[in-house]
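Each of the next two complexes has subunit A plus one other chain: subunit B in the first, subunit C in the second.
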Partner chain A sequence: MSEPTTDRTEAEASAEPDFLKVSGLHAGYGQARVLQGLDFSVARGEVCAILGPNGAGKTTTLRALSGMVRGRGSVTLNGTELLGRSPEQAARLGVAHVPEGRGTFNDLTVEENLRIGAHLRTGPRWRGRPERAAVAADLERIYDYFPKLRQRSRQAAGSLSGGEQQMLAIGRALMLRPSLLLLDEPSLGLAPLVTRELFEIVRAVNEEERTTVVVVEQNAQLALDIAHRAHVLEAGRLVLSGPAQQIREDGQVAEVYLGVSVRSRKAG
Partner chain B sequence: MNTITAALGTDRARRPRAALTVLLAAAAAVGAPFYFAPFQVFQLTMVLLYAVALAGLNLLVGFGGQISLGHGAFFAAGAYTAAVMLDRYDTGHLATLPAAAAGCFLLGLGFGVPALRLRGLYLALVTLSFAVFLPPLLKRLEPVTGGSMGLTVDKLQPPAWSGLAEDQWTYFVVLAVTVVALLLARNLLRSRVGRALLAVRDNESAAEVMGVRLSLHKTLAFAWSAMFAGVAGCLYTWVIGFVSPDSFSFVLSITLLAGLVVGGLASLYGPLLGAAFVMYVPSVSQDVSEAAPGVVFGLLIITVMFVAPTGLAGLPGRVLGAVSRRLPRTTAALDRTPEADSVPETDSVPEADSVPEAEPKSPAGSRPATTLTPADPAVVDAEPVGAPPRTEKE
Partner chain C sequence: MSAVTDLLQQVVEGLGSGAVYASLALALVLIHRFTGIVNFAQGELAMLSTYVAWQLVASGMPFWLALPVTLAVSFAGGMLVERIVIRPVQGAPELTVVIVTVGLFIFVNALAGLIWSFTVKDFPQPFPDGGLDLAGVRVDWSTLGIIGVVAVVMGVLYLLFQHTSIGLVMRAVACNPASARLSGIWVGRVLMLGWGLAATVGAVSGVLVAPVLFLEPNMMGGVLIYAFAAATLGGFDSPVGAVVGGLFVGVAETLTGAYVGVIGADLKVGVPLVIILAVLLVRPQGLFGRAAVERA
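Moving on, here comes the complex of A and B:
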């Protein structure tokens, strides 16, 4: 897998190319306009990487999708408009956002953190045992993906290592049974091997659950390894889009826009 | 503050010991009114009812992460609800309890609205205003509240079959309500709602993206908390038999908050310790001199905060931790002190442990790690010309 495979191609992409459709998305904070009209689509079951330098608007894009910042334009998920909704409403529609810096609940145990992920599914409309059993089954499923979390299930999340916290944040988001998983810089502050392990798990989740994933990353190499498609953002606009493989192989593109020499890295 | 998780009793191994503790506490609680003099029993009764108010405040401040300097107002509202019902409508004591609880729950729901927009000191200030405006209001509403003269109502009377003295009967009734209230608070925290509340305190925006409705849970925290204060106020009327605006000055609100912090925030038995502090410290120091209570109260708060920043409830854990750190590391049981849980969030140290574990799983493990390190500073900092400054992350 270190030689990452040509299997992530268009052939895999589903029959729903516009599962997530972003058109003319503008967003910002007060006076600072960060996104200047984004257009892209993500097919169902696809992993989409959003790359770019600091300040390009990657995080803002995810925040606009999950309702954490207000946006103009249109974002539809499976035909339903997402813009203008609160984060809680977006979560109800199946959008699970793993925020930058993980956002685990440090005073709660690992298991309690995961149960928060199932918060919506155990709501007032909760009808008792069947759903409870489903949540228990999902907990097991998450523990299978992340065996380290099982070992630490009764430990306070704040006592986990950074890598484990990131796993917990992703696991918690999966407890939502999302149709769209948004990952904001999962590699932030993690050791390279831990990051790689994490990305392999994301790939496994995507393959087994057919969860659509949008991942924002500074680490272009890793993100391109698991992505089907990639978009390069610069100063709030898309400057490049295409199949991940193509972007990976186009060394010049990577050097110009990402400041990374992908080819030399591969040679190493 | 991971005392919460420990205190919520997730650790099954501790059950037998916990059961024994509960049994002993129950025996002491039941035996106390037969052992102590009536005035001391009265004081214990007051400790119990303050504990109810503090348990409610703890839901809001300790577990909800919001501050209220206005809980004296809810306490007063509960007390006056009971007093007015007894005085005007002669409803009997029992009926006043649900009325005070429900009324204060609704009041809390209404006053919880500022909590949605304000936080920290701003919220504290707004809630303080409830406490400040209530006594004058009670004085003005003379036809209902009896004005500054207050209302005198019947205390609880023991039924003939019990064979108990008035103070003993009152104690047992208050004890029963307190136990129910404390259990309710505990179960509330263990429930889905409680989990959501803790999540909101830990990380608001992360809780929100998980589908937790901030507005609902913050307001509910306020309402539950006000309900407990109202129940405590109602008990106060039962015990004292007299309410007046001056009994509920804003000092009461501040005392409640101070008592909670001294007892231990976000701890399950902190409210009981805090209630004892609120009850006994002023009355004991009164024996020294007329002016002493304020001074002693203030000095003790400062002392406790320096010696036990986690409150009295956290003190045993801290002492145990300090002792076990001095002892040679032979006893594994003592190693797991509360302190040991609260490892700071730094990645560097724990990360080192997890790397070797990750190696065999990663197919790339055979490669030298350096080739996989695109996180070198040159890459992270690379900003193409024309990239705007980091505006996206506040």
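Moving on, here comes the complex of A and C:
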């Protein structure tokens, strides 16, 4: 099967096509079964968008990956099984989850939030801090991505605007130096301009750090702009998968499943 | 003695007992910050710690050696309580958790009675007799000692929370446990640490107050009510508020006892209850707390 080329280069991304491999994933809350057997893979360095209407199971998918909800089936990251692990263990395997509603530490300053993100890399003082210099460098790197955070480094996270808090949440996740970054509805409650800026930064991070990203979004157009591949989820099942550009251009199909227009912008 | 020195004298006495309330209130606030739980058994745990100190001193250990040993035992005990008693009901409805801490209250009280009996024990006074005379106001070494010890405890806590990485981790857990977990922090262990710390701070209040009240299993009952008033006044989430609240409650108690004839020494126990009621009516979030705003 020959895939159409996308505006994001797939060649370098597909070196390890099964970096994240989800097979037969079932998950839910108590009696409520939300995910009814998902199968998909994300290549190393790829941005994967999961789209779909409210209640389709997008958030639950991310929660199952990071251990926040139990799942059945199999999820492997670089060959290591993730299911059955706690969020603490998943973080140790390089999974950084930015939950819906941002999940910043509002009483802590911006810089303290970022330091907490690097908690696993520094550890307690008595164990020595081999990565201390690297963490300091990463802090600068995050501030370069998000200059607004540098200006507000001493401010309490709770006093930031919604967009800044979302940036902080992503920055904190990056301080872990994750091999898999999970973003849940980063656009939620943000002004369109701020959302666009945020997605551009996510794209830049993905390109510069080669971080594998799974992003869950209601705003299909934005997510498809930065994604290599996309999956459309409906009632706990994948109903559509493919390269982002193909889904973007297949406006009619997307409209049916997403209930939103993802009309492609005419290229050239 | 002039009216002014008399007033100052009462204030000094009030600060002395207020410092004790402050340290137990601090323990209550620590637990509440970390777990959202109001620990009704906090005073009883402090009482148990005081018995440990008494036992050590009674078996010949010098007080100032027995104290750190007691604090270490209390720390371990607090961690154990979290792991065994509280962890299983973590996430249960609020009322369930409250009942569990009340149950713990009764259990610890009975346990102390079982081991050491309910007869009153003389607890050694760690500070020398006598004191200072400041322009007619007499400040006992014991009063000064109590205030000093509580100040040291506060200072240590401040350094721990604001200037160490474990303190930062603890604040993160208190603020947002779900995100802490996603950052790879073992939240359960941090909560154990928090309970251990609270038990240690509570133990300080028990050991300080025991020479005044005499040691018996019900010793901390009254102190707990004052500590509740202090924590409520300070806003249940603020360590600074707990200390300010404790000192205020102590002074208010002494002053009303001394100057309001109808209340006198017998009715001054009502003072903390009046304070609790007034705070809840006028400013439920307390002086240093923040009003909780929840989206419907």
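Points worth noting:
Going forward, the second predicted complex is superposed on the first by the 248 of 268 C-alpha atoms of A that agree within 3 Å, B and C clash if a C-alpha of one lies under 4 Å from a C-alpha of the other, contacts with A are read in each partner's own complex, and residues count from 1 in each chain.
As a convention for this text, a contact is a pair of C-beta atoms (placed from the backbone, for glycine too) under 8 Å apart; a residue touches a chain by one contact, two chains touch by 3 or more.
Quick caveat, the model's predicted, so the values are computed rather than measured.
Per the definitions stated earlier, placing subunit B and subunit C onto a shared subunit A by superposition produces a clash between them. By the touch criterion defined above, A:Val22 reaches neither subunit B nor subunit C. Contact with subunit B, but none with subunit C, is seen for A:Val34 once the two complexes are overlaid on the shared chain.
Using the contact criterion defined above for the overlaid structures, shared-chain residue A:Leu51 touches neither subunit B nor subunit C, since it reaches no partner. Of the two partner chains placed around the shared chain by superposition, subunit B is the only one that A:Glu100 touches, whereas subunit C remains out of contact.
Of the two partner chains, subunit B is the only one that A:Gln218 touches; subunit C does not reach it. Between subunit B and subunit C, it is B that contacts the larger number of residues in subunit A.
Looking at the shared chain after the overlay, A:Val194 reaches subunit B, while subunit C stays out of its contact range.
By the touch criterion stated above, A:Lys148 is placed in contact with subunit B alone, subunit C being left untouched. In the overlay built on chain A, none of the stretches 19-27, 73-81, 343-351 or 361-369 of subunit B clash with subunit C except 73-81. Looking at subunit A, you'll find residues 66, 68, 86-88, 91-92, 96-97, 99, 103-108, 112, 115-117, 119-120, 122, 172, 176 touch subunit B in one structure and subunit C in the other.
The touching residues of subunit A, when paired with subunit B in their complex, are 1-2, 28-29, 32, 34, 53-60, 66, 68, 86-88, 90-92, 96-97, 99-100, 103-109, 112, 115-117, 119-120, 122-123, 148, 154-156, 158-164, 169, 172-173, 176, 187, 189-197, 200, 218-222, 234-236, 256-260, 265, 268. Against subunit C, in their complex, subunit A makes its touches with residues 66, 68, 86-88, 91-92, 96-97, 99, 103-108, 112, 115-117, 119-120, 122, 124-125, 172, 176. Those residues of subunit B lying in contact with subunit A across their complex are 1-2, 4-5, 10-11, 192, 195-196, 198-199, 201-203, 205-214, 266, 341-343, 345, 347, 349-351, 353-355, 357-359, 361-367, 369-375, 378-384, 386-394. Subunit C meets subunit A in the complex at residues 164-166, 168-169, 171-172, 174-176, 178-187.
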